[in-house]
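What follows are several structures.
In the two assemblies presented below, subunit A is common to both, partnered first by subunit B and then by subunit C.
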Partner chain A sequence: MAAKAPDRRRNNPPSHGTTPPVFLSSSSSGAVKPKQSSRSPDEIRKIFLRTGLISSVTGSSFLEIAPLKLSVSVLGPRPLPRTSSTPFAAQAILTTEVKFAPFASTVRRGYIRDSSERDLGSRLYQALVGAIRRELYPKSRIEVVVTILDSEDEGDDVNTVYIEEGKTTVETKFWDAGRSERALGVVLAGCITAASAALADAGIEMFDLVSGGVATSFVDEVNSKGKDKGDAVSNKLYVRDPAIALPEGKTPLATCVLGYMAARDEISELWISGKVGTKNGTTEMDELVDEAIAAARSARGVLNEAAKERVQFIVDKTGTAVPSKGETTDVEMSG
Partner chain B sequence: MPPPTPLSPPELSYLYASLSLSPPIRLDLRTPTQFRPLVAECSFLPHCNGSARVCMSEAGECIVGIKAEIEKDATTKYVTVIEREKWIEVSVEVAGGGASGPGSGMGIGGISGAGGATGRDEGDGGAAVWLKEGLLAGGAGGWSILDRLVISSGWHWKLYIDVLLLTPTSHPSPLLLSTAVNMALDSTYLPKLTSPHDVDDIPTFSDDWAISVPLYEPKTFPRPPMSLPVVAVGDNVFLDPSVAEVAAAEAGLVVTLSLSDAQGNCDIVGVRSMEVGRGGGKEGDRKGINRKLLRQMVNACVKEAGEVIKGVGETTHQQMFRA
Partner chain C sequence: MTSLVVPGQPLGPVSAYIPGQGVHVFNGQIIASLVGQVVTNPQTTTTTTSTSTSTSTSTPTAVPPTISVQKPVLTTDEETNATLLPEVSSTVLCRITRINPRQATASIFIVNNHICGDEFQGVIRVQDVRLTEVDKVKIFNSFRPGDIVRAKVISLGDQSNYYLSTASNELGVIMADSEMGDPMYPINWKEMKSTRTGVVEERKVAKPF
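Right, the complex of A and B next:
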């Protein structure tokens, strides 16, 4: 008698175990309000970055920036398959792949990479390919695989206009044009930073570590609607590492994402989307790029610490027979 | 990725050397900011609201057809949901299917499909993504093309922009695709609405094409965007690079601009880095773009773009069926 038919004449208990509900002591005090970001526009969010978490691959890292969580694995360098169709490669072949987990955003993602994921993959490739000393690894392949476990949402209802039934006018008064760019930008910057950490963890030789930075320029809402073009330049607000929610009363102009090699002062990947005026030559773009670089520099501090932590761990392990526990001190961001 | 050209290392090195001279010598003896000639015609497909065909000597040939369909906003019992980003759909198809020839790993336009071996399945690559991005990005803070697609309450146009590359073995430049899309958009007409704007019923349209409404009203700004590729070798910056120049270049960008006034001033609506071969230089020279070079590259585009976009616009207007 493995499975008994439920007894219909009695109130049956649930077939599985239950957990008693836990209530907050008081609805007013315990309810956690979503924190309104109190950081200043030139401060980036705190980053958690740790390497070497996945033991089955050459190098790996895990990164968290507020809601964004992603893990990177680096496979290789390993030899290319010996088939007649494989061309000779004097330099290592780098492949990058970015995938959102199906549960990473409110709208479910399929298992097959969609166009935005493929695009992120090629952006990441562009950011890393120059930094790796590929000529040291001929006839081999390096694979970078990024899995995004959680992200700040891209597809919820701000860009969707809800009109109540009965109202006849369609006025799409508000449209956050830069929303998906900001969301993808933060993801891409995170991918770049984490992937460099993972490459360093894999012991792959690089010219420099690449860190990712994002910045968005905003103007006052009134200015954008009015006809005054270019005058809005004066009261531009630049936000580094922008959150998905808009600052009060502002509307986005342009978002800049870049991969930056701080030691060489070079940009390996650049992606600007939005409207950048050219009244004063490229000053407007320069300002935006400088902000993004500043964000990337801040992220570089964390990246350096993560790489150092790992090296320290390995040195400790090989130097003294007893591996000292990897120090887990948090790094305070210095803005 | 190895450079997608059949050029040997000595050839690339020679190319690199001649391009980094001061003044530089390009293979086809163009000046650094000179564009290649192109053949372009528009509104020739009878079944489309707008169409264009652009043919460039080396970069190949492509046809763009734009079709508009009316679509009802998705309505549930209580709310009407308007997802404006889905009102425009861009697809890039390569005739003959799949990989785009020898440079297939590079993807179309060299700024996509860089996933290496996995990039092969991409077909259209990121080309559709950046073409659409340029269209929508201009809408940041102000006028947007999406405003033009509203028909009446509850109804909007849905634009299908279909790009067909006819020469699968060539290396299509971003310029080819974006010029074609630019011309097609510029020559797109939508039927004139005859029912009132503020009524929920199915909209009705006039079947007289002589009074149809242009998608981009002529003589108004901004105009449809256009993407210009630019590469750097040494201290020199080259617009509209050829395949060989891309292979030898150290850094590349695709700058998307749209005309903002009649004087030929442009707004930047997007910048993306472009994949280049890094074929000729010595190892360890330059791994990215520094800020000075970036400024130089974007400046070159901004300076030349006005004339180029205006020129393409004039050609379009001369050929338009109502001109």
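Right, the complex of A and C next:
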């Protein structure tokens, strides 16, 4: 449980929700491992992405990847707040905010942003800031607000807490070391993809769309137990867009999340956590990154179509043909 | 039916087109930066840029067409103004919010005939009120809080204010109420008259169209 100041402005429910505690006799053996889905490791889950759902903001999008649900609002470019301490800004100032809804995970979250939400926010900033043509919007700010409505199981260490029978203190049991990284990675990749769609919907000029990709490397459980890695690099399994559930008999090694601009072949944000070998050449890390790029490329296809969908809808509805539009602008400019 | 493009999509080499709105140039390629429809305007006698009219008419065949990407909108008022920002030399309409002897502070709500989503703050400094006899200008006799003023942006200014100017005949107060709260009409370039009481008040009046 992250330390946080008490929120006095709202009538708070209990921070851990009101679901009855699950008592387990032993942590790892008795823990219910979620079922593994039947898709192949190089296949990402189906993505539902739609833009322009919130009318009160400049741009918005909604994304769903199996259990993950999130909505993105883009506000601006709007004038800088009068009280801001920033001097003259020749480029737009981007602010990103990621917030889990209190009901997004099985353990209830507070209304105040915690450390993992701030961390996701700064990573999302890094992924997007290079893609936006900020020099076109001087003296203004662009706000990207992500609300995660549902996430795959838990996304924080706090969520791997198990209360054991007969014990008064709560102990954290890391029965799956890469669990929170995988969960947060899928969330971050979803945030990046959805935020790009929302920025495109807002009509903010960008160099390229950024899509998010995740990949995790797994090894056989027996190899990891022995702790003698190095010789056991052969049977590695790379899974794109990993689910929270572990593949049968595998244990996670490292997770890579990245923001990828496919048209320019540029990585705007890279986050690797776990154990990646660097001794025997650098192929281990490169392979992991390549897998994540492949996942991001797959997501880009969906992103492109989603970005076009709303514009196509407007074109169909208004019946705007390009030549007439071109002529009207000519008139406006000459007049 | 035209196809739509997404940011990052190449549209053609720089040699074939002149980049217009909604595109950027990368590695010698013109790349879309918006989601929308591609519009190409052949550069003939009617050019989109007013400055190059004379040059393009002299050599109409040599100039490649302008390529730009436009995001279609449902209605004309909506959405176009979402990403609208004042630029240097844009004409704006603003409401005077407060005055002091050095400057009048204004809230910009229309930029180039488009309503902006958020109001921007601007200032009209005393030296920018009119073109002549600049040292005799008194802000108090030029603007009052509540006046609607047509002005031109002369600088992006500092962190919070756009710098505006009314130093032109067409610029100045276009709508104002008297101290009693009655609407006034302009009687000359520096005075306005109340419709009800006939009281004359001083303003820096914009020349009516």
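Here are some notes:
Note that the second predicted complex is superposed on the first by the 254 of 335 C-alpha atoms of A that agree within 3 Å, B and C clash if a C-alpha of one lies under 4 Å from a C-alpha of the other, contacts with A are read in each partner's own complex, and residues count from 1 in each chain.
The rule we apply is simple: contacts are C-beta pairs under 8 Å (C-beta built on N, C-alpha and C of every residue); 3 or more make two chains touch, one makes a residue touch a chain.
Here the structure is a predicted model, which means the values were calculated and not measured.
Of the two partner chains placed by the overlay, only subunit B lies in contact with A:T251; subunit C stays clear of it. Which of subunit B and subunit C touches more residues of subunit A: that partner is B.
In the superposition on chain A, A:F207 makes contact with both subunit B and subunit C. Looking at the shared chain after the overlay, A:P79 reaches subunit C, while subunit B stays out of its contact range.
By the touch criterion defined above, A:S273 lies against subunit B but remains apart from subunit C after alignment on the C-alpha atoms of chain A. When the shared chain is aligned, no partner comes close enough to touch A:D7: not subunit B, not subunit C. In the superposed pair of complexes, A:R264 makes contact with subunit B and with subunit C alike.
When the two complexes are overlaid on their common chain A, residue A:P87 makes contact with subunit B and with subunit C alike. By the document's definition of touching, of the two partners only subunit C reaches A:Y137; subunit B does not. Within subunit A, the residues touched by subunit B in the first complex and by subunit C in the second are 87, 89, 131, 207-208, 261, 264.
Residues 2, 4, 6-10, 22, 24, 26, 31, 33-41, 46, 48, 50, 70-74, 79, 82-83, 85, 117-121, 156-160, 162 of subunit C touch subunit A in their complex. Contact residues on subunit A toward subunit C in their complex (touch as defined above): 58-59, 77-80, 82, 84, 86-89, 131, 133, 137-140, 200-209, 261-264, 303-304, 307-308, 311-312, 314-315, 317-318, 320-322, 325-326, 329-330, 333-334.
Put simply, subunit B touches subunit A in their complex at residues 1-2, 73, 77-85, 107, 111-119, 122, 124-126, 128-130, 133, 136-142, 144, 146, 150, 152-154, 198, 200, 253, 260, 265-273, 275, 278, 283-284, 286-291, 294-295, 298-299, 302. Within the complex formed with subunit B, the residues of subunit A that make contact are 87, 89-91, 93-97, 115-116, 118-119, 121-122, 125-126, 129-131, 135, 141, 159-165, 168-170, 172, 175, 177-178, 180-181, 207-208, 219, 223-225, 229, 232, 251-254, 259-261, 264-279, 281-282, 285-286, 289-290, 293.
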